[in-house]
């Protein structure tokens, strides 16, 4: 207890520690509060939070690529798709209709890791020839990859269900060694629980546990030999190479780790939704996750997480609900005529609000980069890196730099 | 980025670098794959495919020029450029009405006289938008880490798409069919649509005008100088900011014209058209040699042909995949493109 | 004497420009070897060829008995060559300590999973590296600035930090590119002392420098480059009185 207090006191000024603590507390209380507020109908809210959790995972992963290693990946959704489709193919009846003629049903937790490995492999294959390209080119290559992957999945319809995607994916099963409120058992180490759409709280708990695990692991990476090398490569690749860092390998590691996280999240997402379809993995997803990382604080894990939570709820709760809210608001202040839709285009002010998504992404990316490049919750080093003026002595022109 | 300058005389086979050889082999394989299908469908079909390819290629070339000029001068991919192209089409729609050009009712001289102001105004507006984008999103970040302007570029693209989405909604937008529908016979029973001839003609005129400007005018010379060595150009008294702004101006004007042409030729638009066309055009620019103006024109033409051949003889579903795969392959194996890159020496 | 670095017929062309033209020399183990010449003579280009930033157009580089021609920069570091830069390239926003700790990167053995899981190997290596980095900081007199960001150091301290970082890679040969540029006379004296202390650690020093007094006072052997060609080689006295060298620096006398 004393150690805990000492730890708390030492970190009381540390914004990151505060952020972690806050998120943990919110995460623990959220389901109960949601049920309370909605009088027992909180399932939708809990399911929403579980989906948000998937995106938080994506943000943490992309943060490794963009924030730690400084590589702009504009096709992050590709690995998300790979994870989801891989899971869907090995944990459903899909392969029965493929040339394989045999459906396979790999258990949930193993299948998650298969999704992770396939995505990691894809990341390594894409990264190996392309990571030595300069930043702009790499960005566009990843953009292209992000367009290719979902399209390929859609085209190979014998294997992937084509335009319709794969449905009826096996639900996850979680062990229930702890009997408790969500299973209604007194005390049992028995049968595994199948999580279906009736049990969104189960999904929520699983993703929270996964996130906690991933945060610990990625934090370890950041404070290690590898994390230091990433920072060096991001700051000055030439100097890093001159100090013995194999810059291509280091970048490849970041890219593959980012891809694995995305694949893992994708597999979970596929299991939760029970349906995967190539339309779910468009460029919009890639740019959503990028906006989350930029908004929250590039290079800072809790920053990326907060960016994820914030933007997810804005995009998937606030905006879709807004048409009704806005419509009634305008109605109440006597501007109700703005709600009328016009068959020639104006869809009513409510729907217009909902269509703001793309402008929101754009504004976040541009305004943050121009006025607060360190994001909402900056890492200490990053804050200074992006906002400093050229300091005499270090700002001299650099030879060998392209 | 770490650019190791390799000795290029090592490891040549048959006088070609091994990677060029792989490229040629892939090309040969592709041709072999396609030939039976081409023969299958006959010469008339082939002629149509080629005509479409050239027409589309002309449009891609117009957009590619903007990408290549901007990259050649500031080494930045202006992701928003493709959306300026779409903006051109969008802006021209109300203008067409304003100048009395109506589908099925406008012909001949009247049509021509009406189109000229539409083109000029659209091009000017697109140019101004692009200049504003440069001023707001790129110039302040000229000395920031490389990642920053890349992110604002994507952001700007998103803003433009979002704005057009808000303006005209998610559904397909109809563009008036104004060009004459005649078919012009060119012998052997093959005909070419007057539309194709017109738009290729317009594209050629614009590219020639650009060429004249770059090579003969003072401003053009300033652009070339700044592209080669910014510091030296500055020391010679060239106003760098103005020169860069001019580059953005011209590139967007061409793209805006491209947008109008696209609308006239294809008849439908969406707010997100620029995303795909932009990527194709960028592929064309890289393929021809980034920063290299004739390269962009050539690249545009080749990508246009490539996409039509793929649509016609492979499958439309695979065309996008093939083109993006081509982009990745070119960047990895031959980043200097066909005619060589022209980027600032540092 | 025992040659640690041998450059044979080294040539580097950039298109039509020949930056380094058929240069050959040997650097002996344990000595201070200097490369001098007027600006633009090709000295840094030669450094870049030796350390793998440029692949030579022709010629060979042999280090410690191994052919390292054309190897990548991080490979030359692993082989035992470290370098500093003319324009100081520190990791501005990393701490002084982290800059030096990074130097140990290529000598550490922990892998991705060690970092991921914070295994005992990783923990021990980190503690080890931190201690040795502190030693190096003490060596260059920067131990009290260890938590500061590198960009906040004074110019002279930054140069010393760059040297400490280079030494962290455990080199056998240390390449210093104009280490005394911008130094006051006192700082130059301190630098000479530091170089001697580096020699005491069995590290050979190969430097590019413009300050003649420093070069003459510290080096055992000097090679002079002009327009990419070697025009003289020998000990300080020989080089100082070589007419070609005088001409290269001062122009033809009337």
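Annotations
For reference, chains read A, B and C in written order, and residue numbers begin at 1 within each chain.
Following the convention adopted for this analysis, a contact is a pair of C-beta atoms (placed from the backbone, for glycine too) under 8 Å apart; a residue touches a chain by one contact, two chains touch by 3 or more.
Note that the structure is a prediction, hence the values are computed from the model and not measured.
Leaving out only chain B, the chains are still linked to one another by touching in one piece.
Using CA-based centroids throughout, the chain positioned farthest away from chain B is C. We define each chain's centre as the mean of its Cα atoms; on that basis chain A and chain B are separated by 33 Å. Annotation: 44 Å between the Cα-based centres of chain A and chain C.
Averaging Cα coordinates per chain places chain B and chain C 47 Å apart. Among the residues of chain A, those in touch with two or more other chains are 238, 241, 247, 385, 400. Residue positions of chain B touching 2 or more other chains, listed in rising order: 2. Contact with two or more other chains is made by residues 53, 72-73 of chain C.
Residues of chain A touching chain C in their complex: 217, 220-221, 224-229, 231-232, 235-236, 238-247, 253, 257, 381-382, 384-385, 388, 391, 393-394, 396-400. Contact residues of chain B toward chain A in the complex are 1-3, 71, 75-77, 136-137, 140-141, 143-152, 154-163, 165-166, 168-170, 275, 279, 282, 315, 317-318, 320-321, 324-325, 327-328, 331-332, 335, 346.
By the touch criterion stated above, chain C contacts chain A in their complex at residues 44, 48, 51, 53, 72-74, 77-78, 82-83, 85-94, 98, 101-103, 105-108, 110, 112, 114-118, 122, 125-126, 129, 149, 151, 155, 158, 165-166, 168-169.
The touching residues of chain A, counted against chain B in their complex, run 66, 70, 72, 74, 129-130, 132-137, 139-141, 143-145, 147-148, 151-152, 154-155, 237-238, 241, 247, 283, 287, 290, 294, 345, 347, 352, 355-366, 369-370, 373, 385-386, 390, 400-402.
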